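First chain A sits with chain B, and in the next complex the same chain sits with chain C.
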Partner chain A sequence: MSNETTKDLIKSGAIWGFIVLELIFFSVAGAYLSLSDNAFMDLDNMLLLLKQSAPIGIIAVGMTIIMINGNIDLSVGATYALAAIVLLDSMTWPIFAGLGNWVIPVAWILALLTGVVLGAINGIIVWKTGVDAFIVTLASMLGYRGLVFMMNGEQPTSHLNWTLVDFAEAQFLGLHTATWFLLAVTIILWFVMTRTVHGRNAHAIGDNREAAVNAGIRVGPHIVINFMIIGFLAALSAVVFYSESGSVNPNDGMLYELWAITAVVLGGTKLAGGYGSIIGTFGGVIAIQLLRKGLGHIGADTETVNLVIGLILIAVLFLDRQLNLKGEEELRV
Partner chain B sequence: MTEQKPVLRLEGIVKTFPGVRALDGVDFDVRPGEVHALMGENGAGKSTLMKVLAGMHQPNEGRILIDDKPVVMTNPIAAKENGVILIHQELSLAEEMTVAENVFLGELPRKRFGLVDWKTLDDRVGTILKQLNCDFGPRTRIGSLSIAKKQMCEIARALTHSAKVVVFDEPTASLTDSEKVVLFDIIKDLQKDGVGIIYISHRMEETFKITDRISVLRDGAYRGTLNTAETTEDEVTHLMIGRTLDTSNGTNVSNRGEVKLSVRNLSCGNLFHDISFDVHAGEIVGFYGLVGAGRTEIAETLFGLRRHSHGQIMLDGKEVTINSPVEAIANGISLVPESRKEQGLVLGMNCRDNMTLPQISDLTQGPFVSGGAEVDIYKDYQKRLEIKAPSWRSIVGNLSGGNQQKIVIGKWLSMKPKVLIVDEPTRGIDVGSKSEIHNLLRELAGQGYAIIVISSEMPEVLRVSDRIVAMYSGRIMRTFSAAEVTEDSLIHAISGLGGTDAAA
Partner chain C sequence: MTDTPQKTSSGGLNKAHVAQFMARQGILVAFILFIIVFTMANPRFLAVDNILGVIRSSTIIGVMALGVTFVVISGNLDLSVGSMMSFSTIVVLDLHDKLGPLLAIPAMFGMTMCLGAFIGFLVGYLRLNSLIVTLGMLSAIHGLTLTYSGGKNMDIADKEGTWFDVFGQGVVFGLPVPILIFGLLALVLGLLLARTPFGRQVYAVGGNGTAATFSGIRRARVVFLCYLMSSFCVAFAGMLQASRSMGSQNTVGQGLELEVLAAVILGGASLMGGSGAIYKTVIGVLILGFIQNGLLLVGLEFYVQFVVTWVIIILAVWLDVAAKRGKLWSPIA
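What follows is the complex of A and B.
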């Protein structure tokens, strides 16, 4: 029993320990290597870091519930781009011309609906065809990206609404709007996954699908709901980011699915499903962003950042495997 | 007792699978408050019958009556709603979730907004666990429990419903003696509440201890029901086997040579203990026992797929260390695995490539594989084993089961092994090819190979073996010579009777 709790502690605590390590390392290394005079752990720098974590963070939280459920969603990056275009484009549509600033909530709702519908399409295909979610969303990733290019060709879609920009740049209690969204999404989904029947059933489906079916859980609807949630979150992430930037390139959001999955895995969620932690994913997102920012701080370029993150991911998965192996051998004796 | 009306009646159940008549008009009934044992050899149809009852299979003919009303079990949920609870032999639990969540899987109590009512859940599961004398709480993670305790969780699941019929499928397979006592108490309590219990077990001793009636299936057909109090183990055994003793094993003339393989005191965790035996050149040693007795695990250990914790393996009198299949092959041990399609063959590859797979690196000319040498080997073994395939280019997946098995055997023979281990040599093979494989094994023994055959089919073991090792619960109970073995004594030995019960 005590072994079990230690293992759990290591599992859930590892990512936070890693974050602390990063903070110490970059603070110390930054003092020698950094070209700027600012300390790495400067408050403004940290607040900015949280804000920058939001776009991938919001998606990663959604990816966690998909992966706990035993699926995966590769189409989130494309969904993100499509929702962004709907957001910016719809504000210029003639039918909304008389709305003034009321066009903002309308555009938001349209963008979020886009995400929900795209997610539902994924979920229903996975449910009804029984094809693996990896394949289904690989196809929809290509398909949705195709739609993005059909909307506006290679051209960026741009529209700046200054009220919206003000909202997006606002700070409340020091935290940026995007940060608040990330925190809210994290807390709500943590609650859903740990406290609601839907959340627990999703765990059961990912853990042992046959047992779930035998117990009379309707697997399909739970899967669809989770895909709708991640579609919604991909769109929400776009809404939060593009409210401020006001311009979307057709290639935006590419590789977001991989960054999200990386954060989820770093946060301790099992690739095979059944076990995972929303809070852990939040930690994973922060850890990745710290690494990017920190390496930038000490003068490394983007390529180095990607290499280091790749190495760390392999190290984490290896450690996780060792940890689990040990656990099983102990059980056997 | 006879005047009581049955709570559950199965009438003329027929279930066919492609090519197999798994159940052939089976009748069965359970009265309230009785424990009714269902017995039969492996593959007799017990599990299929219970799956029909639990709505996991639909019968082709026949009907199910509960309280004299016909019901249709379309799925496991319908069965549950009709008061039929099946406690699975293979545990069906979500490992990363808590005991409480598993016990109420699919039926978590709710509050407003779809929230889980944890308090009710904990209270109800806590009460049930206390009733079962479990020493773990509702919040324990399933993955941290032993198999026996997981079994208790499965049983706890049954107690959450007002069950009319509870099916225990091999419930004691992984329980210790003290846990068995608890289980039998639970069964008695259920009996008092008027629940009808179907008890599936291979173990005569406990069957006689706790059941009221015993029904026997053989080859998918109902063979009769006996009152436990009025029958004997021999009578039940006889019904199960259904034949008079088959003593025509004299054909197994062995030309036994020197000892090829010796195993001494081999143990591996709780899978098997203290296993010692010899295999001589030119003889077949059959390993017989129930599923889970540890036979396959011994084979896997000899082939380097598992590590043993104690003991020695000696080949030609020299001790060898085998930690991987590569080392096993290098030492001359070959394994024809239990499941041909998953472990033995690359189904999409042709006959020649499958047969030469393990030795392909020895058949090279420069950097290239010599196709000609491969064909020579294939043709040689095709002739010797009488493999019926159109050509060496035929895709193995298109061959019959018997010919597929010959390809696997040929593959390992072409490696010139000292010891050949064959696990379930005729699983999924039709009757005609079965005897061909049996004859082939005998011939190979005649040519001086040392062979171990693992089988769950008694006629097969009796037919091919020179000696038979009877296993129960990870231990060797007895070793028989072909001359002295009888079906009764063999069944006794593998049921754990007359020997020390290997409670962990």
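What follows is the complex of A and C.
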């Protein structure tokens, strides 16, 4: 029993320890290697870091629910891109021409709906056909990307709405709009996962699907709802980011699924499902963003980040396995 | 009393038969219909030069699919083949100018197979989740390629004074060399999989890993060799790609992992492992190639393929799963 508690403590504390290590490393290394005079642990720098974590962070928090369910969603990057195009494109549609600035909420709702619908398609296919979620979403990662190209062509879509940019760049109590969205999503989903029936069902289904079915949980609709949530969050992430940038390229959002999954796994969520923590994922997101920023700070090429992230994902996978060993699986050789 | 169970079982069998037939022949029937429709739309579709052209342009996907077949039959996944192919293409082009083709090719094979061995070690000996490991390696190898090339495109300086273009562009006995290489490789690997003890071990490990271990098969070693085989085929594909274009971008293989997987699934390999064959994969490759070619010939943009491939993958896997459980729809509530 005490052994289990120790393991749980290590698992939930590890990510914050990792963040502290990163902060120390980049501060010290930055003092010798950095080209700029600014310290790494600068308040403005840290606020910016939170803001830049938001796009991946919002998706990663949603991915946590999916993975606690024992599923995975590889199509979030394409959903993100499609929602972004709907957001920017719909603001220029002639039917909304008379709306003035009221076009903004309309475009937001359309973009978010896009995400929900794409998520629902994934969820319903997973439910009705019984095909594994990773195959379904692997395929729709390709299919949704095709839809992005069909809607957009191969050129970037741009549309800047200054009211929207002002909103996205605003700071409230020192934090940027995007940061507020990330915090709100984290807190709401933490509440859902720890304090509601839906959250308890999610853990139950991830832990033992058969048992959940026998206990009377409607597994199919539950899975569809979770896929709709992550579709919504991928779209929300696009809405928050592209309100400010105002230009979307059809290849945007590629490999976002990888970053999100890395954050979730870093945060201690079990790959097999049944166990995971939203707060841990939040820590994972911060850790990844620190790494990206820190590597830039000490003058590493941006390309190196891909290499480091990939290797960290594998290392964490190894640790996850060591911590979650079960006696019965151990058929050595 | 005795009649009732017999009736239900025969009814179930009937349904299972239908599902089984659909799973075995559904794709083939659909493909024949597809060919008829597209030939009526454009008679050039079945011209000899078009057929040769399709096979030739499918060879790179095809060669990679041969290796991935081993991995899939052993019950694992390989999503890293696309970015690994970018790596081998860039490496062989770079070394060609530094060492000459005679040394560059074995050096590139060695480096690519080191990557394959690394993945094989992680999945085989450390027993990590192959989906996440190869997703992480997709990113890591992408970073490695960019670091290696410094982000620049690679070109062979003296395109006239080298025999390196023979693999991608040469013609022997009226047949393009890439088709000959693909055919030869398919023959050798097909015999290896169907006629040798190693091949039987691959099926055993994918069909029931625990049973295979108990019957004395060294599971870790078999999985390791499957990934080594996959990287060997990727190295071949990289060589064909480099030799065909004599210059390349860093991202030449991006996204190909999905097409490769689609071809393997179309050929009827189950993603749960234990079934599939090299000749079936070759058929899958050709089906995919002809579908893409047909869509282009009727004047659709290349990205429509993405959407079509999405639908095809889901249908193919769905049929496979439906045949296994004998019911079209998933029984999950």
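The rule is simple: the second predicted complex is superposed on the first by the 325 of 333 C-alpha atoms of A that agree within 3 Å, B and C clash if a C-alpha of one lies under 4 Å from a C-alpha of the other, contacts with A are read in each partner's own complex, and residues count from 1 in each chain.
In this section, a contact is a pair of C-beta atoms (placed from the backbone, for glycine too) under 8 Å apart; a residue touches a chain by one contact, two chains touch by 3 or more.
What you see is a predicted model; the values in this text were computed from it and never measured.
Contacts of A:T196 after superposition on the shared chain: chain B is touched, whereas chain C is not. Contact with chain C, but none with chain B, is seen for A:E303 once the two complexes are overlaid on the shared chain.
Look at A:A211: by the touch rule set out above, it reaches chain B but stays clear of chain C. Legend: residue contacts after superposition of the two complexes on their common chain; A:D42 is shown touching neither chain B nor chain C. Judged by the number of chain A residues each one touches, C leads among chain B and chain C. Overlap of the chain B and chain C interfaces on chain A comprises residues 213, 331, 333. Here chain B touches chain A in the complex through residues 76-77, 80, 88, 92-97, 101-102, 105-108, 110, 113-116, 141, 144, 146, 269-270, going by the rule given at the top. Only residues 122, 126-129, 131-133, 135-144, 146-147, 151, 210, 213, 218-220, 255, 258, 261-262, 271, 301, 303-311, 313-314, 317-318, 321-322, 325, 329-333 of chain C touch chain A when the two sit together in their complex. Of all the residues in chain A, the ones that touch chain C in their complex are 72, 125, 127-132, 134-136, 138-147, 149-150, 213, 218-220, 255, 257-258, 261-262, 265, 271, 301, 303-311, 313-314, 317-318, 321, 331, 333.
Residues 1, 4, 195-198, 200-201, 203-204, 207-208, 210-217, 270, 274-275, 331-333 of chain A touch chain B in their complex.
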